[in-house]
Amino acid sequence: MTRKAIYPGTFDPVTYGHLDVIKRASVLYDKVFIAIAPNEEKFPLFSPEEREVMLKDATKKYNNVEVEIFNGLVVDYALKKSAKVVLRGLRMISDFEYEFQMALTNRKLNDDIETVFMMPNESYSYLSSRLIKEASKLGANVSKFVPKNVEKKLKEKFKK
Amino acid sequence: MTRKAIYPGTFDPVTYGHLDVIKRASVLYDKVFIAIAPNEEKFPLFSPEEREVMLKDATKKYNNVEVEIFNGLVVDYALKKSAKVVLRGLRMISDFEYEFQMALTNRKLNDDIETVFMMPNESYSYLSSRLIKEASKLGANVSKFVPKNVEKKLKEKFKK
Amino acid sequence: MTRKAIYPGTFDPVTYGHLDVIKRASVLYDKVFIAIAPNEEKFPLFSPEEREVMLKDATKKYNNVEVEIFNGLVVDYALKKSAKVVLRGLRMISDFEYEFQMALTNRKLNDDIETVFMMPNESYSYLSSRLIKEASKLGANVSKFVPKNVEKKLKEKFKK
Amino acid sequence: MTRKAIYPGTFDPVTYGHLDVIKRASVLYDKVFIAIAPNEEKFPLFSPEEREVMLKDATKKYNNVEVEIFNGLVVDYALKKSAKVVLRGLRMISDFEYEFQMALTNRKLNDDIETVFMMPNESYSYLSSRLIKEASKLGANVSKFVPKNVEKKLKEKFKK
Amino acid sequence: MTRKAIYPGTFDPVTYGHLDVIKRASVLYDKVFIAIAPNEEKFPLFSPEEREVMLKDATKKYNNVEVEIFNGLVVDYALKKSAKVVLRGLRMISDFEYEFQMALTNRKLNDDIETVFMMPNESYSYLSSRLIKEASKLGANVSKFVPKNVEKKLKEKFKK
Amino acid sequence: MTRKAIYPGTFDPVTYGHLDVIKRASVLYDKVFIAIAPNEEKFPLFSPEEREVMLKDATKKYNNVEVEIFNGLVVDYALKKSAKVVLRGLRMISDFEYEFQMALTNRKLNDDIETVFMMPNESYSYLSSRLIKEASKLGANVSKFVPKNVEKKLKEKFKK
């Protein structure tokens, strides 16, 4: 039996925290599908396509990981991929509450899909795409938080 | 002595969680006034009038419950209705903090009005108007979360 | 219709935080029954009878408040007193979680009894019977935290 | 590849919350090993052997679930069973913090073992072995919280 | 050795909570620099210059406190002022998580700058610039929450 | 003006988390006094004298740090040392609430003493003396969590 998991998120942009979860998931599951939510209504910094390029680049070393843009219900995407598991990284309490609500809502929408939580390495527990964007905008060197190609893309966005 | 309570909120839209609090409140108080805050600056999905129609429909079985739109301070509304109690539902920690701030701020504005917290049934503890709107927008069946007439209204909003 | 509430707790000893909740409750309900849980297995500092004396003394100014020792289920005590409401003070998050569990457990035991939360004045939000006992034991002046007669009793306990 | 998980705990006694996690885990993993921690220093109500009997009885319908007493490090037990996953149920914030600490500590002890969190059904989110024991001791009917055989055992313990 | 600290924030507008932290900080440090973050992307109610005027007025009694607008990284501002300490007020849990993320992010950007947390007086623990603005907009008297000159400015903003 | 701080705790035993706070504090203050609370009523594993030896050994490299056993109120110890600051490390939410209560209680006992919070490195955020003792008791190698001499002492304690 093939154990598949999906890992949905906005990834605007991908951080070392996300990548730590992906690395761990690639060991626990036969196949991991990363689903990029476009989330256009929240005015992301990067287009879904830009985020896809960065994620594909950062995960190319894992041959059981796939990256896709998906605009729909997470449970529908899981079904489409015949995955039983939705993976989410848990860093902090504030994550936890929102994740709880989403997971229970998803369970009501489809009780065959299970949300499962993993923790990134504690070294990445404080990473937040939002703070990284704010710091980068103000000129910070963010090389400790994101891969090189993401750092470069951030610089380009904030260069005038 | 008549025990009156007001239950203020945005109700965009009303969920089974709100309705569970209303049901419990209608037993504990002689009169419950539901005050819909227009909250236009947060770009609600439904107009105050649409929300009022949905709430009236969903609470018509309680003859000591009244629904109104009120644009002002919660403590002023309580005063106007000669209610001593402001009711709020508590589901989660994140609620709690914001509720705490609001309740203490209200107490400073008028110390005669007491904020009192109730818990919805645990089956509704995860319900969030925001998540329901997001799920509905993506095509989910939200009949487990909101009354039938609200479900219909949500579908209409998101149909193009 | 008479609105009765019970306010259960260990009260080892009563603090200004408890008394603030009692004052507010005495306005909102026709009758408030304070139920002292003996809690002997937690090795309280004061006997249930000592706690009863201190509470009666501190609440004698409210003529709709009664104090009793009760060793049993909170929902049974509420039933016995024909009270529909169990009152609890909420100060902090850590309270909140335990209170949540208890309230939902009590609801399963008897769905006619509603737990309702109130907040003490923010000036008492940090008060904890346990910290007061620790401070008093180490010689602190605790007159800002507890009534005079409680302060005296604490001194007696810790005098050798 | 066989996906094995261990589910460690005190289970003093097993509740419907634990059983909901076990049911979900039995679908996601090929084999689930339940490891009962004796935890004698916390004065459990039931002996490890009593807890084992109750758990075996309650899980006999799952043929990929095994129950054992294990007195040692969780990561060593995982290793012994060649399981890569330690399962934990997450109900509330207070769980979360302690679980976080344990999971990160375990990761330092053995980085090949991954802690993975699942949520019980929201109907069991408030269940706590401790509160159930307290309620049972005070004479409550706890049949909504634990299986029949556990309820019977609780009654026997608290009968004098 | 001169002990300098910076106290960064949006201060839209300054409240008695901020001022309590400033008062305490002015005792602990030889010099306190208040750095106003313009935060234009969050559509503040007051311009950075208006906020500066209000803060200068409210802190003129402390002769070791200086107020400035600073648009950049907090760690760069600390460096510029040769301050080793970034001060932040902690009121509630929700503060805490975000503050944690920021402090750890700042530490990665410059490990010589230490974030240090202080608590305002519990009487101000519930104060939130956002709630004060909402209340003022709805006509509330906010004189218990902000200095007189701020109250006046709020009234002017919301007068049409 | 000499800036002195005290850092009180049980330190049963000292961990790399405590030591990280001490290292940071030794930079920010002219003098840091570590005050070991005997805490005999909580049945510590190590005697106050054993804890003092371990702490002195682990902090001997800082020449502005002193270690002492102190059995009394923290604010009295601060006064005795003419220190204006009580330092505490904040790791997690659960810390935070208890710390809040203690800090506000201490402020009432002496308003001239300020509690100031620092964060250990995120690599130590999960460390808990209690979990380390439990793991060590079960045979774990705890060299990643505590200094060598503490590890040795733990082994001796748990050897039979």
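Every chain is named by a letter (A, B, C, D, E and F) in the order it is written, and numbering of its residues begins at 1.
Definition applied: a contact is a pair of C-beta atoms (placed from the backbone, for glycine too) under 8 Å apart; a residue touches a chain by one contact, two chains touch by 3 or more.
Remember, predicted model here, so these are calculated numbers, not experimental data.
Note: the chain lying farthest from chain D is E, by mean C-alpha position.
Interface residue usage between chain C and chain E, two copies of one sequence, is largely shared: over half of the residue numbers at the contact are used by both copies.
On a Cα centroid basis, the chain most remote from chain A in this structure is C. With centres taken as mean Cα positions, chain F sits 47 Å from chain B.
Averaging C-alpha coordinates per chain places the centre of chain C 33 Å away from that of chain D.
Of all residues in chain D, those touching 2 or more other chains are 93-94, 97, 100, 104, 122, 125-126, listed in ascending order. Shown are all chain pairs that touch, namely A-B, A-D, A-E, A-F, B-C, B-D, B-E, C-D, C-E, C-F, D-F, E-F.
Residues of chain E that touch chain F in their complex: 1, 3, 24, 27-28, 30, 84-85, 90, 93, 96-97, 100, 103-104, 107, 114-119, 121-122.
The part of chain A that touches chain B in the complex is made up of residues 71-73, 76, 93-94, 97-98, 100-102, 104-105, 108-109.
Within the complex, the chain D residues that touch chain B are 93, 122-123, 125-126. If you check the complex, the residues on chain E that touch chain B are 92-94, 125-128, 131-132, 135, 138-141, 144-145.
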